[in-house]
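First up is the structure itself, then whatever we jot down about it.
Chain lettering (A, B, C and D) follows the sequence in which the chains are written, and residue indices restart at 1 in each chain.
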Amino acid sequence: MAGGPLGADWAVDWVRRSAATVAEHRVELITLDREIGDGDHGENLDRGFGAVLGKLDSVAPDATPGDVLKLVATTLISTVGGAAGPLYGTAYLRAATSVGSEAELDSAAVAKLLEAARDGIVARGKAESGDKTMIDAWTPAVEAAAAEAGRGASPAEVLAAAADAAAAGAEATEPLVARKGRASYLGERSRGHRDPGAQSSAYLLRAAADAAAEA
Amino acid sequence: MAGGPLGADWAVDWVRRSAATVAEHRVELITLDREIGDGDHGENLDRGFGAVLGKLDSVAPDATPGDVLKLVATTLISTVGGAAGPLYGTAYLRAATSVGSEAELDSAAVAKLLEAARDGIVARGKAESGDKTMIDAWTPAVEAAAAEAGRGASPAEVLAAAADAAAAGAEATEPLVARKGRASYLGERSRGHRDPGAQSSAYLLRAAADAAAEA
Amino acid sequence: MSVKKIINDPKRVVDESVAGFALAHADLVRIETDPIFVVRADAPVAGKVGLVSGGGSGHEPLHAGYVGHGMLDAAVPGAVFTSPTPDPILAATKAVDGGAGVLHIVKNYTGDVLNFETAADLAAADGIEVRAVVTNDDVAVKDSLYTAGRRGVAGTVLVEKIAGASAQRGDTLDEVAGIAERVNANARSMGMALTPCTVPHAGEPSFTLADDEYELGIGIHGEPGRERLPLEPADAIVDRMLAPILEDLPFSSGDRVLLFVNGMGGTPQVELYIAYRRAAEALAEHGIEVARSLVGNYITSLEMQGFSLTLLKLDDEMVELWDAPVQTPALRWGR
Amino acid sequence: MSVKKIINDPKRVVDESVAGFALAHADLVRIETDPIFVVRADAPVAGKVGLVSGGGSGHEPLHAGYVGHGMLDAAVPGAVFTSPTPDPILAATKAVDGGAGVLHIVKNYTGDVLNFETAADLAAADGIEVRAVVTNDDVAVKDSLYTAGRRGVAGTVLVEKIAGASAQRGDTLDEVAGIAERVNANARSMGMALTPCTVPHAGEPSFTLADDEYELGIGIHGEPGRERLPLEPADAIVDRMLAPILEDLPFSSGDRVLLFVNGMGGTPQVELYIAYRRAAEALAEHGIEVARSLVGNYITSLEMQGFSLTLLKLDDEMVELWDAPVQTPALRWGR
């Protein structure tokens, strides 16, 4: 596993892997959303990351990770729609702000980036842990990342821990009753289904970790 | 088999048996009509003969067969609708006119009644033999009745022959291509289905014969 | 209950629905119940030709939805998909007779023609002058000795609107009938269905279609159509429907037309506008100008999914009468 | 093609449909395509408060069908059942700003609220005064800490009509927003479905129901509802839907209401009027006067079969604004 700080190449690779994983899991995310929502989550993210992919060519040679994250943010905001569009858009925007114009991100910067992203989602969506939303993937991820960074792990290790925690968090949404978003209309009937946004968050964080592992 | 002339009692019994046979074959007639028409023939006739049944109490004690036939005619005209309403209505109206105010009908009067009814249907609907309509039940029935009457058979025998011929005529509509009514829109695709109006005509004539047999 | 519908009793569908209709549109119409028909609140209008249409129920908003100022004076609903009997047609004819005669607008089906004929005879016997226009705009059916003739379908809505405006401006019975004939003669329609419909009392769908098939040339009673085809993109379907329409009249470059995309009842509006888009585009390719348009569920087949295309070749008078004010439950503009 | 629909390509459904819509209604609206929105032909109207609504597609005629004189100035369609992004909302907001500010009418769904919020922030940064009214009339969802709050459903149509008339007569942004809030606060809705709908790109129905079941409390996105019940007669269904509506506000004897029976897209009109009939009758039993009514497909869920009931408690000003002229593709009267 690569151990160094992460640059713009990593961010670009994260985008590519995100687009690929969302396309691959498009139908799965649609199905999860049909069960407790309205069946568009996979379609919307696929459209959004497809659009980001199409804009990667416009990334300047001297771009920073923050520039790439900002491109992701603005593109998702203007192409995804639904709840996930503004939520992910804000997440990437706050992440971009958090890393500023640094050319390379160390472990602390990576952990801070994830925390900023999560805080952005909370700021927009007002969800708390246990509400059966994407927050239930992000918050464990943020905590795991902070712990790893604290014990001196590499950026790639920080992201790997975050991805693992997010995947576990997504799975742990299954028994929960939704209290935010469209699934909340179902009340008790939302129990027993995995939250689509938590699942897509887990895939996106896995993409970040995989990109770091090969950086 | 009873051999005498037929009076108003026979006409009333014909109505009762008609209502019963139409109710019994309602679904069958709907199904035949759904295949090459619009699926209402059984429902419409059932409504119509149900209405006639409800009016039988108003038949005067000194009523003639013609009075009963006229009651059937006006009730069918005002309750059946569709193609069958005016066609059957005219048939019974012409039949009523044909028997005038006779209290009892002999074989010749019965044969003439059937011919008048058939002519009424042709006058309204302009169908010819082989057009795959109720005429294909009525014309063989009229011919068989005339032949039986000609050879001196009883009224009940005349009607039994008419009913047999109508049943055969209805069956013989199966290979025909419809040229009148709703089934004509199907062209070649109407082949292989029995005409619902021919089938209902056969049931009505069987009811007439059964009533005569018990008169 | 074997049929999945929002009804109480299959036998009371028409009565209850018409009762609800009358409650909802008491400002425009009233109803009689024995026999049942729907009539303009202010009928009869003295000196105006009365317009009566009717037919089987299940095609709503046709015909009751078109009763009101500038369109029909009365509508006579039969049982579902069954033409009404002469009694209510006669009663409606009497109710709208303002002394200038009454026009019957009849869709060409054996039952409708026969029942309206009988009613017209009876009305004439009562001294009311009645004329009938029989609509037959459906090009899916060959008009020949070997059929009951072409069916009256969506063009009927256009006949009712334009003849209604003619009557409203004070035209004579001959003039109103003449305009109605002219609209019918210049209208051509073609329908298709993705799914069948279920008549409440029948309890079973009118036909079955595989998941990848559609029925071309469908009628408005769930009658099977001209042919069954594999499902194809909307644009290809529209082109296939337009071809026999354009051949039949024929429409030609420089013509001004009204383009009418009609939903069969169960088709979402998004789909109707996708069809409209291609039809308008295809007509432009032929140099035909779409001067007026109508898109929506105007003559339906219960919950059937599908649509029909109607083209009406316009002249100046038709345009003027089309644009004239209309105030009915289902069609309103002007004034 | 795996979905049985009259479309070309699931990804082009909205674009093509909006294009067809613009062609068919060029007298009333025009469209922008990048980003996509529908706007009154004469926008911006100087000195008038601009009204913008929008949301996922698939609910037609909502919202584009309500663009025109006396109602909306612009409508922003998202992908099917997906709220639009801020870009077109912002562009539409700018396009209708006549200097008197802009009101956003937003149905209460997380996605709609967030995207309209972002657009409003951006518009404010450009110096446009924007206010938002979030509709939430659906009593099927409990409004509590444990949900995203009640959904905005059919009451939205009434808000758009009445607020539109308020803006049209020259009211200020505060006044228009105040009226919109008042209509929303006095409107309650409840829906049901007999069949699901299928989102074009999803290819599978939103839920499954047995032949003898219906879904009570359905939303307008094919979301499952409150509970699944055995099918029952129309009158019983109506009573079951009316009860929570009447409890929630509460409506009481002597009230004047607007009764709105809305079809979900695939329900025949006969059925809607059967439901209307019982609802009107039941309200009469409660001493509640139905002063205005609306029956038809006004906010739909693609081809879903089902309907919703909405009751709006009226005051004199609402009645006056409801009756005011409106000229849009889907709602027209007066003038």
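We take it that a residue touches a chain if its C-beta (ideal position, glycine included) is under 8 Å from a C-beta of that chain, and two chains touch if they have at least 3 such contacts.
Not measured: the values here are computed from a predicted model.
Engineer: Please compute the C-alpha centroid of subunit A, do the same for subunit D, then give the distance between them in whole Å.
Structural biologist: Here subunit A and subunit D have centroids separated by 33 Å.
Engineer: Using mean C-alpha positions as chain centres, tell me how far subunit A is from subunit B in Å, no decimals.
Structural biologist: One centre to the other, that is 77 Å.
Engineer: Can you give the whole-Å distance between the Cα centres of subunit A and subunit C?
Structural biologist: 55
Engineer: Residues of subunit B touching 2+ other chains?
Structural biologist: There are none in subunit B.
Engineer: Provide the list of subunit C residues touching at least two other chains, using ranges where the numbers run on.
Structural biologist: 80
Engineer: Among line, ring, star, complete and other, which one matches the pattern of chain touches?
Structural biologist: line
Engineer: Going by the touch rule stated at the top, which chains touch which?
Structural biologist: Listed in label order, the chain pairs in contact are A-D, B-C, C-D.
Engineer: Help me check something: in the complex, which residues belonging to subunit C touch subunit B?
Structural biologist: 35, 56, 78-87, 109-111, 114-115, 117-118, 140-142, 145-148, 151, 199, 201-202, 204, 206-207, 219, 221-224
Engineer: If we count contacts the way the header does, which residues on subunit D are in touch with subunit C in the complex?
Structural biologist: That would be residues 1, 4-9, 13-14, 16-21, 23-25, 57-58, 60-61, 65, 80, 194-195, 211-212, 231-235, 237, 261, 265-278, 280, 290, 293, 295, 297, 300, 302-303, 305-307, 327, 332-333, 335 of subunit D.
Engineer: Within their complex, state which residues of subunit A touch subunit D.
Structural biologist: So the residues of subunit A in touch with subunit D come to 30, 34, 37-40, 43-44, 47, 77-87, 124-125, 177, 179-182, 184-187, 189.
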